[in-house]
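One structure is given below, represented as structure tokens, and several questions about it will come after.
A, B, C and D are the chain letters, set down in written order, and residue numbers restart from 1 in every chain.
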Amino acid sequence: MSQEQIESKRKQIDNLNLELLRLLSERGRIASEIGAIQLQIGFSSYDPKREMEMLQALTAANEGPFDDAAVKSLFKNIFQASMAVGVKKEKPKLLTSRGDRQDTVVMIGDVPVGGDHPPVLISGPCAIESEEQFSMTAEFVASRGVRLIRGGAFKPRSSPYSFQGLGEPALKWARAACDRVGAYFVAEIMDAGDLDLCLDYVDVLQIGARNSQNFSLLKAVGRTDRPVLLKRGLSGTIEEWIMSAEYIMAGGNPNVMLCERGIRTYEKYTRNTLDISAVALAKLETHLPVFVDATHSGGRRDLLVPLTKAGLAAGADGIMVEVHPNPAVALSDQKQQMDFETFDDYLTQVGF
Amino acid sequence: MSQEQIESKRKQIDNLNLELLRLLSERGRIASEIGAIQLQIGFSSYDPKREMEMLQALTAANEGPFDDAAVKSLFKNIFQASMAVGVKKEKPKLLTSRGDRQDTVVMIGDVPVGGDHPPVLISGPCAIESEEQFSMTAEFVASRGVRLIRGGAFKPRSSPYSFQGLGEPALKWARAACDRVGAYFVAEIMDAGDLDLCLDYVDVLQIGARNSQNFSLLKAVGRTDRPVLLKRGLSGTIEEWIMSAEYIMAGGNPNVMLCERGIRTYEKYTRNTLDISAVALAKLETHLPVFVDATHSGGRRDLLVPLTKAGLAAGADGIMVEVHPNPAVALSDQKQQMDFETFDDYLTQVGF
Amino acid sequence: MSQEQIESKRKQIDNLNLELLRLLSERGRIASEIGAIQLQIGFSSYDPKREMEMLQALTAANEGPFDDAAVKSLFKNIFQASMAVGVKKEKPKLLTSRGDRQDTVVMIGDVPVGGDHPPVLISGPCAIESEEQFSMTAEFVASRGVRLIRGGAFKPRSSPYSFQGLGEPALKWARAACDRVGAYFVAEIMDAGDLDLCLDYVDVLQIGARNSQNFSLLKAVGRTDRPVLLKRGLSGTIEEWIMSAEYIMAGGNPNVMLCERGIRTYEKYTRNTLDISAVALAKLETHLPVFVDATHSGGRRDLLVPLTKAGLAAGADGIMVEVHPNPAVALSDQKQQMDFETFDDYLTQVGF
Amino acid sequence: MSQEQIESKRKQIDNLNLELLRLLSERGRIASEIGAIQLQIGFSSYDPKREMEMLQALTAANEGPFDDAAVKSLFKNIFQASMAVGVKKEKPKLLTSRGDRQDTVVMIGDVPVGGDHPPVLISGPCAIESEEQFSMTAEFVASRGVRLIRGGAFKPRSSPYSFQGLGEPALKWARAACDRVGAYFVAEIMDAGDLDLCLDYVDVLQIGARNSQNFSLLKAVGRTDRPVLLKRGLSGTIEEWIMSAEYIMAGGNPNVMLCERGIRTYEKYTRNTLDISAVALAKLETHLPVFVDATHSGGRRDLLVPLTKAGLAAGADGIMVEVHPNPAVALSDQKQQMDFETFDDYLTQVGF
């Protein structure tokens, strides 16, 4: 008998469901009309004061069986869904969002990155330590087919007493060396105030992990059209990383490339934990090229080959690894840069 | 003019809101009636198959403006709210939940823990290393007013080659020493198979961080009425910690005490990160006594005083610290146990 | 002139270095002889009391320029290095250590895992929910070439009110189904007390993440020779994971396979963060086969293909994924199990 | 007999220990002399090339029983200890280091912060949303004795489409309101380019968590003498946090206050995890005043009282909490700001 009771009550619920759907849909349509008007007259469609008044009216009218908190929660969901209707009609949610967009291909000079193009390799020393050191490295990696050469002139260091980079002279040496070997120059920019200087010398502006939410800097590079390589923050969420890319695109610069570089976890065998899922998700959620920084994510030379292979398998469009003529005496990252012989071995193993 | 348009449309929405509330409430009432019948005939009120059918019917009927995913999401919320109605009518959500319950006071012999009783101190060595070592420590701490004395006979160690504890002999020595000084004995149990043995000797069964989700063990101690000190997992969420307590209470044992012992994070200056918010939240969300293990959370002697003070300020009902006659030669936790002189100093500083 | 001074002093240091090396080596030889004698008479080579006495003698004799803390630290390093000499002479450091060992190949019936054998796939439902559900799944996956079929009869669940698994009946159904399709049965064991039962039905004993440091359970399975699939803890370090394997091997069971299943981090887009470096490091540091649990690490169906590819690229010997006839109504893991059609698609994409 | 053998060998070791200590001390003295000369002629005492050569000479001379890795490790420790000798003689390690320094007291106008002064309270809205909103709040909190009032004119937001702050007009309103009520104005600075503007209006420059390693900004505020409130990074280590303070002090600004604001962990019940040990350690390791941001660390109004109490118990010199006339309609941080009534209640409970 109780099964029959249940069946009968379930029918009632089925009817209520459909009636609720009808009302919700009507509400959604009207809300999206309001949103469209507000947009015309320059207001955000989100109005917290109005929401508060609606919730007060609803809890005032509430006679159970839901308690007021449940009513508020249900209607907050309805408000959000209604707002989302408006948003979607007008434009794709975010400039970075995959939606039904094709892969973005960023051109670095004549080198295409992303889409169906083969993965590219960025390599070079952690820091530019002398004209000779960069020059030697550039010539060597270029001779192995590398077209994108990295090297830091401004170094973000935890300690004010550590080597901070050689600044403009380093940029000049690197520019000259890259021109000589026919490569493009990738360098980190640490401050919006250095933008003009960097634009004179650098082909790809790298935003480092510590500046991943330096919004002034993101806005500044967003006002140029120079390709940007945006690292994920030390403990940035995937969502924050994508929103930082959105800052750059919202400023007008479409040439954004994402770079996963490992996140900070409790694990001590590695310097950071490469979040390989983030590589796959960045490809799913955005249309931008995605790199893996194999050097910093593991922080160990013996992981460069497996992390590179894993990154490519997960869909990365490019890999970054550090190469130095003599890692043992490097001014930074001694444990993780490759010397020339190791780099040759690396290229063979990963099949670049 | 557009402001007028908005106002008129907002009125429509106000009416729709009230109509939706009416239908939702009706739906909630019927759903809770179904839940009551199902409970009588022994079924869970959650029926994933039925939910799937309802969602299929709704998306089949959906004509926009919400897309199917939004419809499903809205109705999942409605289903959940409806189920919650039924649940609340019948019983408080969880046995551990605060609800409108008074603080639970756990009696350890004649020592009350929790409620308005003054905070208690558990101390003693990390591991029982010899009859003499435990005896000396017990006499010393008892002379300072400590009524709850800890000491491990079974030690959870990462390595199979580390000192694993002395087992039953250690339990015997400790039982005798505690009886002699008029104190109660707190010791870790690591396996359900050791329960009978432990019940013979131990007054408070401690469940360690590594066994915080050893559900067999939780169920086993839940079948006794012996007081249990349940540590949070190495990286347990507050929710998981409370649910582990629920395992014990669901088995019939009301004498559960929670113990925050620090969580695993990236920070290297401390062994673990004491989550002081967890202490406050455990008091807000449950009615159980809450301890802070000041020794393991920081892993540093110089933090014992401030972490104890902070724990008590956040509402802890008790503190656990390790004391050893000669920490420098201890078989475990050398860096964090206090010697007798330091313990006296500690007592003075924290005001126990 | 100062450059000359420096050169002359550096020569002095060069000589002191060599003299220090000579004395250290002599000390190392004598210490290792003591260690060998102690081993014969049944003592550990580590003697904290002796260390303390030596440090006291040294700081008593210390006249600077090092302060006492620096002297202690230098000599602690020397003590440790000396002990390590003894250890290495007698035996390889750990049973799990790679050292110069070949890859271990674990035979599951006639299925070899590890070494140069092609990677294997473990699949099947999260939980065994009925005879029919398991049977259908087993037949389907076996028809696709799967030889190792998983299914839980004991389920570790955060809540005591969640589905806890069907126990022995489920083991029976699964055993029969696996025999019928010619496959081997992989199932989780949660308690040392269930070992005899599990040995009757199960071909591969899985130790779950929550029991990764349940040392009683590790010791129990170590006393058998049944293949064990050992998951890494929720927030286990790589070192802890390997030491848990060492517990099993130290008990006499060489048939240990490691399984990376993602670690707990702050990231919210994924259920856990697959630590792909851990896969590579487990292969470098041990000689054991390594699996990737692609289902639990990401917790998202859309990550199964990229995480599988990345795992294999990093060197994994096997992959585990969950398959269910109707994931939407599964009693656990609804969002991440594949239905049969999706599984076919998965096999095509990953090339198994 | 073997015990005798051991004793005889131990005597040999005792002699070797003393001989080693003598040579190490001599080596330490010479190394510190070299360091002093190098300092005079302007070189760093760390010379990786020289270290490499010494290690090569040592491993070339190594005949066992230590393997080359052990020899390198032992001597790396000796090199480091020798360098430390030189360093300590010349100057205290870091400007921020406690050493034997007294507590720094930072004067904010006539309000002393740190040392033995009673803890101070910073409060005010998350963001300055209008002249009226800030003015109302300032008048209210000032009437309760608050002398330091916060309010953001530049807001770091994950999304470029979120409210970014009202900029200079907001700074003007706040300046005027603070002057009117006799309070000092605390505001976040996000970019070195905004420094001149902020110096015109702001009494305490706050560096937010996302800019905790924006080294350009740290250097810029280091060139002023304006008090700085430096938050710890989202996942900053305690060491990194202190080194960021060192950047400011190294620039010449001694008026640095540290602010713990919770770190990012896996826990979901709180927005961040307040690291209470970090408060105690910042007091132990530095001489600077330390604040606790009770609002952002928990992200929950119901934690403001316990986290404030815990912070003060652990030694904090000040607390920051957010107050807003109507949190429900705030443009940011709705869930965690207090309204005026709640703030009065808070003051009563924490005893400010």
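By our rule, a residue touches a chain if its C-beta (ideal position, glycine included) is under 8 Å from a C-beta of that chain, and two chains touch if they have at least 3 such contacts.
All figures in this text were calculated on a predicted structure; none of them were measured in a lab.
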Between C-D and B-C, the pair joined by more C-beta contacts: C-D
Maximum centroid distance from chain A, chain identifier (CA atoms): B
Chain A and chain C, separation of their C-alpha mean positions in angstrom: 32
Chain B and chain C: spacing of chain centres that average the CA atoms, whole Å: 27
Geometric centre distance via CA averages, chain D-chain C, whole Å: 37
Chain D residues counted as touching two or more neighbouring chains: 235, 239, 264-266
Chain B residues touching chain D - in the complex, by the definition given at the top: 235, 237-239, 263, 265-270, 273-281, 283-284, 297-298, 302-303, 306-307, 309-315
Chain D-touching residues of chain C, taken from the complex the two chains share: 2-3, 5-6, 9-10, 12-14, 16-21, 23-34, 37-38, 40-41, 50, 54, 57-58, 61-67, 70-71, 73-75, 77-78, 81, 84-85, 88-89, 235, 264-266
Complex contact set, residues of chain C against chain B: 48-49, 52, 156-161, 164, 190-194, 210-211, 213-217, 219, 233-235, 239-240, 243-244, 246-247, 250-251, 264, 328-331, 334
